[in-house]
Amino acid sequence: MTHVLEISGLLKTFGGLTATDHVSLTVDTGEIHALIGPNGAGKSTLINQICGEITPNAGQIHLAGRDITRLPPADRVALGLGRTFQITSLLDDMTVRENLGLAVQAREGGNFRIFDRAAKRAEIWDEVATILKDSALGDRADVTVADLAHGEKKQLELAMALSQRPRLLLLDEPMAGLGHVESQQMIEALLAARGECAMLLVEHDMEAVFALADRISVLVYGRIIAAGNADDIRANPTVREAYLGEEEA
Amino acid sequence: MILLFEQLLNGLQYGVTLFLLAAGLTLIFGIMGVINLAHGAFYMVGAFAGAWVSIQTGSFWGGLLAGLAASAIVGIVVELGVMRRLYARDHLDQVLATFALILIFNQSTVLIFGRQPLFTSLPEVFSGSIEIIPGLPYPTFRLFVIAVGLAVAVGLYLLINKTRIGMLVRAGASNRQMVRALGVNIQGLYTAIFGLGALLAGLAGVMASPIVSVQVGMGDEIILATFVVVVIGGVGSVKGAFVAGIVLGMCDTMLRAFLPGLLQQAMPGPEAQALGVGISSMGIYLMMALVLLVRPRGLFAAQG
Amino acid sequence: MKRLLTSASVLVALAVPSFAEGTKIGVITTLSGPAGYLGEQIRNGLKLGLDATGAAYELVVEDDGRDPNTGVQIADRMLNEEGITLLTGIVFSNVSGAVVPEVTDAGAIYVSPNAAPSGLAGAKCHPNYFVVSWQNDSLHEASGAAAKKLGYTTAVALAPNYQAGKDAIAGFTREFGGEVTEIYTGVEQSDFASEMAQIRDKAAQVVFQFHPGGQGIAFLKQYQQAGLLGSIPMVLSEPSYDSVILKAVGPAAVGLTGTTHWNADFDNAASKAMVAAWAAAFPETPLTTYAQQAYDTGLLIGGALNTAGGEDVAALQAAMKAADFASTRGNFAFGANQHPVQDWYLTAIEADSAGNPVIVTKEKIIEAAGDVYAADCKM
Amino acid sequence: MKREHIILAAVFVVLALVPFAAELTGQASWTRLVGQALIYGMAAASLNFILGYGGMVSFGHAAFFGIGGYVVGIMYHHFDAGTAFLGLIPGTDQMLITLPAAILIAGLAAALVGAMSLRTGGVQFIMITLAFAQMFFFLFISLKTYGGEDGIMVRRTNSLPGLNMRDKATLYWVVLGLAAAYYLFLRRLVQSSFGQIIAGIRQNERRMAAMGISTYRYKLYAFVLSGMGAGLAGALMVNFLRFASPDMMHWSRSGELMIMVILGGVGTLAGPFIGAGVLFTLETTLARYTEHWMLPVGIILLLVVMTSKGGLMALLRRLGGKG
């Protein structure tokens, strides 16, 4: 079988610092693959290389069998790569509905039309209505993003990313800054989306990771030091020492 | 050969003038994040105050002091009265405000000094020329301008790299928020930098006053070239302003001096002359476009 | 036919008494920016000239900012709204190129105290368009003739890289006849160090340069600073060494040669009256040829107003065409294209008792010269 | 919605009546004043599309304004002289040809400038657009055939079949009609699918890229559309003033267009027109009263920017109570 995402030997250095040191990993169809590691381990650098915002020094990235190592970010999205941002990155002056509308429009195409009226494109707004109905944001649809609570912004990020119908969704710390209740909502939303796409989940919240992940890889100082299912990782002495040990201490 | 050497000196002299203007502008730009179109006005203020006082007192040095003082004071007043209220605002509002300042400064100068250009003479010591190499007499005053420019460059280097204020300036140029977090008197620092920038521009104005015409609007003509220097050097980098200023001054002078002649050898007649001048007028802009296409943030960008 | 029209309009003018407050004269000129002093000279000279004729007038002065757009805008308002039929004042060719057709198309009169681009001097000449100053080319042809007369055979000619600059070098070359090295400078350039080096390198017998206003000041200062003043003679056309330039340049101008159509030392009554009137009215400001041209313009307009007895355009046009006034420059007549036919003089810039430069007239080099475009004018 | 329609219609009617009002009150220059303000308004509005809606601060917009103007001037020059441009394309004085040609050529120039400039951003973008505009300025100054610095005189306004274009009121109405059409076009443009994408790019370019939008292509397209608008305005200006000169593309003209946009209100449809009208009226009126008009203009501009955010449109909104 082909992997949805296959990374091999990814190397990225900044000056003397090696951010990702020949990292290899795969994500399979329908799988949630979690990537954990302490701060500064190179997780964000890895995510940004997969998205195309940073170009690696060496190594390859394949998405659904296709080499995307050198493609610009937007072309990767067209091939089915979606993402959320660690620090929420939304269109702050627009409402929730408009944010979703733009996300759906971006996927639908027709973006160079200059004589139509975006507000009258039924195919977009019907879909937005459906998304809103199914999400926790339903009654916040016409609130401007700048006025949303943090948890709501995170939900909106996820909804926008999913509306792209990606094959693979990169989740960059979706739980960051969320309270307990909000985290539970987020976990539920991710579980609900599990059938739609594969996910690569970067997360510090171990509870969420163990609740969601099919497989876990541990990244420390730019290297993958361990990989396996939740039980393997919990039991792995290297990981306990390098990472979990610190957390518990 | 002598011609080439002379033109290199000319380029150097133009370069340090650009540096004096660009050093202040790039700091104001990098640290306060302000696009100050009115920076050329400080150049004009320095030139007018310097020329007027030197006419009244008969002393170039008195004029120099007056020019420096006037431009620094005007700079500080502008910072306190106008710029301070605009730091938090959009770049575009700053553009509009500083454009308004240009109009105000130009017309006030007409009201105070009239429309006739002012006369300034060279200081006695520097009125002659020195034969640097045999067959090349070079105006002493221009050598003096070069020396002053280089001295200021060294002074700024020491100020920025060896003092606490310099540390704050460097920190501010690379990360504006960080200086705020350090709990320094930011407002005072901003006022001081703005005053220093205006003073350097005023110095350039006084130094230029015996060479060029001291007239209303003289700052508007040179401010574009100054912005080009700032952008090529990298916003916020004094080192960049120095390198870019010198390189640009040299290139501009060399192009104007030799391009028309070279073209004339390749194609016939006066058309080559005109074309050569046309291209050399575009020269600095062409350079900027090329530099930015290769290094979109300039040569020595301070901000990451 | 023309005579008949003239007498008819004179009759009409006599029949209708002129307004007591005087005829409105529109003055569009450049008062802002570095060239602002040129407009100031023209406005002040015009006023003194008109006063000298005793005509009843009212000046409506506006600043064109050296921008043709603004010039046309002002002209439109003066012509169509304020009912002004007599305009003057423009300093720069690009402004007059845009404004003059506007004025003549509207049936009004334009009298130029300065700029006279070739485009309006030949086939596109107009009965309602008069030039009191000179045709642009004439200025530099005089300098070419002077350089030739002084016995030079090789020259370096410098001018800014715009149309008037190219015309200047062309005009100089036309009359000079010798070998000319052309150097064009930047349009807004103020440091000419690079050109100084080239001048020294070319080692020609004479330098001709055309840089009006601030550029001229910078050029002359730097010419002296480069040590060229004593070693290579320079011939200048009058816009490059007006008295304001000389005042700003100081002793650095002493020793240069110039050409002009008028100078302050002219020995005729009109000129003496003007010099005296200027010294009384503006003791702080030097009197330039710009003001003199405007003064002559004032004499022409004022005289015509007196003759025509009001603002009837046809009567004014006829009165002006006669050019019946005592010009401060002595001999003056209109050519076929209503541009001046006049004499040109060689001048030297010498030091007065205080060491300041003063322009001294030397000799007449061209007599009763018109311009080359007059032949194309069919009026 | 309805209120906006009523206001627009009222403004249009009032503007259409300007020539009559000018005739009645004897203020004949109003027609030209308002006409010119409308044309500057179009140029400023075209700049505002990239600056206000797209976040691209171009300091070289006058280049496209000037190029549009020169297309009309050059075509007239060859029409008048009976020659052909580059020996190939004969001149013309037909507005139905010159205006589309001006729009097209200005668009091509914008494509060229935009393709290179849009690789940078921020202050560097401001400066690189200025650089290209300066190159065009110096290029046109060196074109001796087309009058160099003096520019080209266009003795007759371009003809339109069935209209007497030499009549000032007729010309004014043609300008008004095109300005209104351009306003409606921009109104539709910012509401279109493309307009939404551009607004998204201004707010968060990274996010748009993450949604699969190649932002460069969209920005370039916007830049070209904007340049075409400026070209149309320039072509009209040359018809209105009957000459084309390099002054049209001087950097201070780019600055002036920017000032009009900022003064009126960045990112609003009517703002640039209001800004152009106010600045233009201010300059011309004050110039009638004092030679030192720059001083009051400067002080007024400074006061506006110090006391209000969002320009005159924001002020109007506050006065009107709602948007």
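Annotations
Order of writing sets the chain letters: A, B, C and D. Residues in each chain are counted from 1.
We adopt the following convention: a contact is a pair of C-beta atoms (placed from the backbone, for glycine too) under 8 Å apart; a residue touches a chain by one contact, two chains touch by 3 or more.
On a predicted model such as this, the values are computed, not experimentally measured, just so you know.
The fewest steps needed to get from subunit A to subunit C, moving only between touching chains, is 2.
Located most centrally within the structure is D, per distance between chain CA means and the overall CA mean.
Subunit C and subunit D have centres, each the mean of its CA atoms, that are 36 Å apart. Chain centres here are Cα means. That of subunit A falls 49 Å from that of subunit B.
In this assembly, the C-alpha centroid of subunit B lies 32 Å from the C-alpha centroid of subunit D. Of all residues in subunit C, those touching 2 or more other chains are 31-32, 161, 166, 187, listed in ascending order. For subunit A, the set of residues that touch two or more other chains is empty. In subunit D, 138, 141-142, 144, 294 are the positions where the chain touches two or more neighbouring chains simultaneously.
Pairs of chains meeting the touch criterion are A-D, B-C, B-D, C-D.
Of all residues in subunit C, only 31-34, 36-37, 40, 161, 166, 182-188, 190-191, 193-195, 197-198, 200-201, 213-218, 221-222, 225-227, 244-245, 247-251, 285-286 touch subunit B in the complex they form. By the touch criterion stated above, subunit A contacts subunit D in their complex at residues 51, 53, 72-75, 77-78, 82-83, 85, 89-94, 101-103, 105-107, 110-119, 121, 160-161, 164.
Against subunit D, in their complex, subunit B makes its touches with residues 29, 35, 37, 82, 85-86, 89-93, 95-97, 99-104, 106-108, 110-111, 220, 224, 227-228, 231, 235, 274-275, 277-278, 281-282, 285-286, 288-289, 292-293, 296-298. For subunit C in complex with subunit D, the residues that touch the partner chain are 31-32, 61-63, 67-70, 72-74, 76-77, 80-81, 93-94, 97-98, 101-102, 117, 119, 161-164, 166, 187.
By the touch criterion given at the top, residues 51, 57, 116, 119-121, 123-124, 126-128, 130-132, 134-135, 138-139, 141-142, 144, 251-252, 255, 258-259, 261-263, 266, 292, 294-295, 297-299, 301-302, 304-306, 309 of subunit D touch subunit B in their complex.
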